[in-house]
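In what follows, structures are represented as structure tokens.
In the two assemblies presented below, chain A is common to both, partnered first by chain B and then by chain C.
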Partner chain A sequence: MTPDKAEDEGNEDVEMVEIFVMGKRYRVPKGLTIMTALEYAGYKFTRGCGCRGGFCGACSTVFRTEDEYKLKMDLACQTAVEDGMFLVQLPFMPAVRAMYDIEEVEPEEHDNILLDHYPEIARCVSCNTCTKACPQDIEVMDYVQAALRGDVERCADLSFDCIQCGLCSIRCPADIKHYHMAQMARRITGRYIHEHSDELEKRVQEIKNGEYDETMKEMVEMEIDKLKKTYEERDIREEG
Partner chain B sequence: MKTKASDYETSAMKVMEKLGQPLVEMEDWYCCGAVQSLTEDDIMHQIAPIRTMCCAQEQGEDEVVTLCDMCYNVLRQANDRMKDKEDDLETMNEFLDEDPDYEGGVEVYHLFHILKGMEDEIKDAVEMPLDDLVVAPYYGCMLLRPDNVAVDETEDPEIMEDMLELLGVKVLENPKRTECCGSYHTVNRSDIVEKRVEDIVSYAVEEGAEAIVLSCPLCQFNLDFHQRATDFDVPIFYITELMALAFGLDIDMKNHKIDPRSLLKEKGILE
Partner chain C sequence: MADGYPKYMQESIKKVEETREERMDKTYDRMSPSEGEEVLNNFHPDYKEEGKALLKIGPSEGKKVPTELAKLLRARSLVDPSKIDLTQIDYDVDVLIIGGGGAGTVAALWSLYEGIEPEDILISTKLRHGDSNSMMAQGGIQAADEDEDSPVRHYLDAIGGGHFTNVPELVKALTIDGPKILKWHEELGIMYDREDDGNFVELPGGGTSRYRLHSSGDYTGMELMRVLRDESENFDIPVLEFTPAVELLKDDKGQVAGALLMNLETNEYYVVRAKSTIMATGGFGRLHVQSFPTTNHYGATGDGLIMGYRAGVPIRDLDSVQYHPTGAAFPDQIVGLLVTEKVRSLGAQPVNVDGELFVNPLEPRDIEAAAIIRECKGREKGVTTPTSMQGVWLDSPLIEMKSGEGTIEDTLPAMVRQYERFGIDITKEPILVYPTLHYQNGGLVINEDGSTPVKGLFAGGEVEGGVHGKNRLMGNSLLDYNVFGRRAGINAAKHARKASLGKLTLDHVDDYNKQIEDAGIKTDRKAPLLLPEYRGEEVLRRHLDVEVTL
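Take a look at the complex of A and B:
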């Protein structure tokens, strides 16, 4: 599909914007997300696209808007295209990840378990570039600093909304792998710091006993509209 | 301060509370980087210490006191640079971008600056003078160099000796007190640090020291840990630990490689 054809085929009432994908010009309807605009322009996502709902972190994107010298980062499924936008998709972040046995990383038994596994966090110069890159508005620099001090729980709390898109790490001048380190912090917090949840254990046992097999089967076979309706009308109870 | 040097933090907090001048930890702060970058055109490495200055400014404070000698040295040098060089401050603030500008109105102090004016309070707080204990004071580098940030005379400091005498301790004259412990070479050149430690500790022992006193977490680690390569086992105290003991405060001294308890028991300081 060529850009001109796209415009011809569109409804006359639809306002079009001009975008540049990897340097090539396209005209797409205003209001689309970067992801749908790319698809409108003829690109097909085979990787680098997941939930389309801003939760999975697979569709990291780098872009610049007209008259702006700064490069911006965001999720392609959550950001609307703007006129004069220059963009590119990042399919995968090849960042290193530390290996560890969760049973051997009790924070009380180590001086600084996060620093042991991710020594590069000590290179942080507090430039805050990571925080500016984060599409989830997480205080990334602050959780790295918490990790440096050995405060695993604060690191886990501050990074709670992380979706592992990796944009922090590609912008970092110190080559820190923030998001993998923070994931380790959250796992340690779940394993050693947070209170043990009896309810969770009970529910896991119920699942193992097959108590939900029937419901699961029903849902798998459900018509999509009914499934959506059931989801929207589900019973949400406050904790405790 | 939060891990290997927690003995320093807990004892300092207790001591300052007892002296009626409690220390309050900043709501937020950033690792200073531990070593001051001396490169003229390298503003990047000044950002971390200046961010901590910004934190103080945004918390409505105009004075920051550090316990760690290295933090003191880095924060003070970076802060002075911003005060002295308008161009550097402007570059810094341009980089800080959306964050609030640093206005240059915060002053950096070391714990010694605060203790210096509190001699009377210290004297009054002493419940158990440490009369029997013979110690060698040790300053290392970061408190005294470069001389524009020194807490005392660079070549002939006495601020620590003065404090120790108030506690009743017998203080030895220690010409090695301004020599370097090997500092960050501890990371991958322990041979350098071991030589320095041997030199510093052996002199103190020959002069009759039963312990060495200091205020820098890295010096403490080096002198304490690397004595394993020597024939010595001299306890290395933070000055605030001796103050706490003299004030009758309870401290746990849990990070020491060379356990100071047997010495303290021998001297009747601990039961």
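Take a look at the complex of A and C:
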């Protein structure tokens, strides 16, 4: 237990809470996120801080609150500090990732393409710890089970909101690398399972055939006043 | 946990609810050019002269840029060239890419497709591979693929949105390459939202005349970035993480010939010699221009502008900064974070404290932002938060009234999740928003092939300028980093094949330091900034500058 500082008692302007950063005690204003609280306390991040907006998974954090035996997991940039929080940043996840060639992973041509690349998913004991660890509330165990059944699309859909922070994998007793496997599932889905766009294919061919070259050239060379007029007079598709 | 909106704000929400039914089918006329000009002149932060400073040195001497950037452009180098040993080369490659975000990763892949071996490519990045603004984009990517649309129409929208200040050849490249980029994304397996027949779900964006926005829920940027990174990993392209470039290197013929990197954890420097170098460092939101909060990534400190400018690359359009009209204004924990334009694309309206609609929801970004500032500061019709922020309501529940229950959950899962954490249900309650610093419109001057005017140096993505002129449209930044990342990657590879390098030097840094002195600039500041300073004032005041050893 780190001791109180004498001055800690005095600040009455702002409501303060007490947090413990890797065991060290700090008083920080209530209402900060774990990330901004650490900065307030004097930590400058190199690791453990990325987009600061909940999209990149750099700031996975493990904490527990006072009188609570359970460890909780979340993103430091999206979680408000609470009084009596014990916390630590997890800056790096050395998880193994399978190599593959996207041209060679057509699911129809394999029994179970995901299992081939990530055989450890067969070790899943359905404990659901991964799901409980997920800061995005993804049904992680369910997508691993979908992968085991060979349902690549279901695995992709369930895992879509994954920010690849790795908390699932660090908690998994079977050492499954959920987030890497799911990445592969999504790419296979986008490439082989989803229908591709006819309109896009047609447009790409038109461009290749030079069908826009002339009108584009006209536009690029258009004198500014005429260009402004053309812009203002263009028809705009409104709602519906 | 915060517990939603305080009581007094709920009073205003009641008014928003009262007018909702009636507003639902109402449209608000778009501003005429003169009305637009008036609101920009009076309320847009870019149009305030006091936030700008004149550059006294360098290749764009005489140009105005935001004061925060000017301070860095007249700062000294982080390194003392006399203390650097350039004869010991740590990495000798064909293509060096500075920045591991969207543009850098696309550039690496296209250098590879162009025939450069993976081991002859090096990506240097300040944080992790993929840590970037690219990862955070929510709304989508523009590309004219629908039958009723065309690249020429996309061109017109983009150049009009940029107030005709864009470089025509760059806009042409952006728009004509758009469909090709999407085709590449299909092959990589990016999961875009699609109709049953496989065609894309497309939405409008501010300033677009057609439905042209392709998205993956509101995780579009993340979906693109994680697939691009995955592809780069499948080819084993080398990446040095937590190792930013701190200065470009030149050779005795005046070409850019690599960079000096620094290990962010040990402070050791590394010399990289490269036949081609691609600048892909992204934008400068973390400079907090005019003290605005920002949507940007932690590392968005404009480093590439500083290094490129010192090496002789002119800059353009940096006097204009994009303020995204809708940043979060409440709760305090997420102030400044992006509330994607897609919320308005889907039908949400901006309304004031009295529940009145005051602007067309889909004006170009600068006009929309200025109109929101006017509503708060000019007309005093904003809502004040407990921490004295101002904001207007973005009436998200309208989306469900228009398109049915469940639409928000399906199309904006990231946003729902973010607000849920703070006790706000955006399917039932509106979102409080205020403009936030979002995008660096201008940047380093490039040609349409991604090359800069300095031989050996290429650039792609937010660090370069000219593509968007003085105002970028939604969905054109994801496209920009793909189009110009690709072009830079291909042409850097071609250049590398024929380039021959002389002796490495940092003379341009000495020259720049001398220019600082000759111009009579007194400064202790050093740049690039690398990371913003957010430590508590109290701690910094008591900070001891000593080297702590293990």
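Following the convention adopted for this analysis, the second predicted complex is superposed on the first by the 184 of 240 C-alpha atoms of A that agree within 3 Å, B and C clash if a C-alpha of one lies under 4 Å from a C-alpha of the other, contacts with A are read in each partner's own complex, and residues count from 1 in each chain.
Assume a residue touches a chain if its C-beta (ideal position, glycine included) is under 8 Å from a C-beta of that chain, and two chains touch if they have at least 3 such contacts.
None of these values were measured; they are calculated from a predicted model.
*Asks:* Looking at A:111 after the superposition, I want to know if it touches chain B, chain C, both of them or none. Which is it: first, second, both, neither?
*Replies:* A:111 sits against chain B, while chain C stays out of touch.
*Asks:* Using the touch definition from the top, say if A:14 reaches chain B (first), chain C (second), both or neither.
*Replies:* Neither partner.
*Asks:* One more residue to check, A:31. First (chain B), second (chain C), both or neither?
*Replies:* Once the two structures are laid over each other on A, A:31 reaches chain C alone.
*Asks:* Looking at A:183, would you say it contacts chain B, chain C, both, or neither? Reply first, second, both or neither.
*Replies:* second
*Asks:* With both complexes superposed on chain A, which partner does A:96 reach: first (chain B), second (chain C), both or neither?
*Replies:* neither
*Asks:* A:71 in the overlay: touching chain B, chain C, both, or neither? Say first, second, both or neither.
*Replies:* Neither partner.
*Asks:* State whether A:227 touches chain B only (first), chain C only (second), both chains, or neither.
*Replies:* The second partner, chain C, only.
*Asks:* More residues of chain A are touched by which partner: chain B or chain C?
*Replies:* When the residues of chain A touched by each partner are counted, C comes out ahead.
*Asks:* So which positions on chain A get touched by both chain B and chain C?
*Replies:* No residue sits in both footprints.
*Asks:* For chain A, which residues are in contact with chain C within the complex?
*Replies:* For chain A paired with chain C, touching residues are 31-33, 36, 39-47, 49-56, 58, 78-80, 97, 99-102, 136-137, 156, 160-161, 163-164, 183-184, 186-192, 194-204, 207, 212, 215-216, 219-221, 224, 227-228, 230-232, 234-239.
*Asks:* Please give the residue numbers of chain C that touch chain A in the complex, ascending.
*Replies:* Answer in residue numbers: 1-2, 27, 33, 127-128, 130-131, 133, 135-136, 144-148, 150-153, 155-157, 159-160, 164, 168-169, 171-172, 175-176, 179-180, 182-183, 186-192, 194, 196-200, 204, 209-211, 216-217, 219, 221-223, 226-227, 230-231, 233-234, 236, 242, 264-265, 295, 297-298, 332-334, 337-338, 347, 413-414, 417-418, 421-422, 531, 533-536, 539-540, 543.
*Asks:* What does chain A use to touch chain B in their complex?
*Replies:* Touch residues, chain A against chain B: 111-112, 122, 124-128, 132, 141-142, 145, 148-151, 173.
*Asks:* Taking the touch rule as given, give the residues of chain B at its contact with chain A in the complex, in rising order.
*Replies:* Per the stated touch rule, the residues are 2-4, 28-31, 33, 44-45, 47-48, 51, 95, 97-99.
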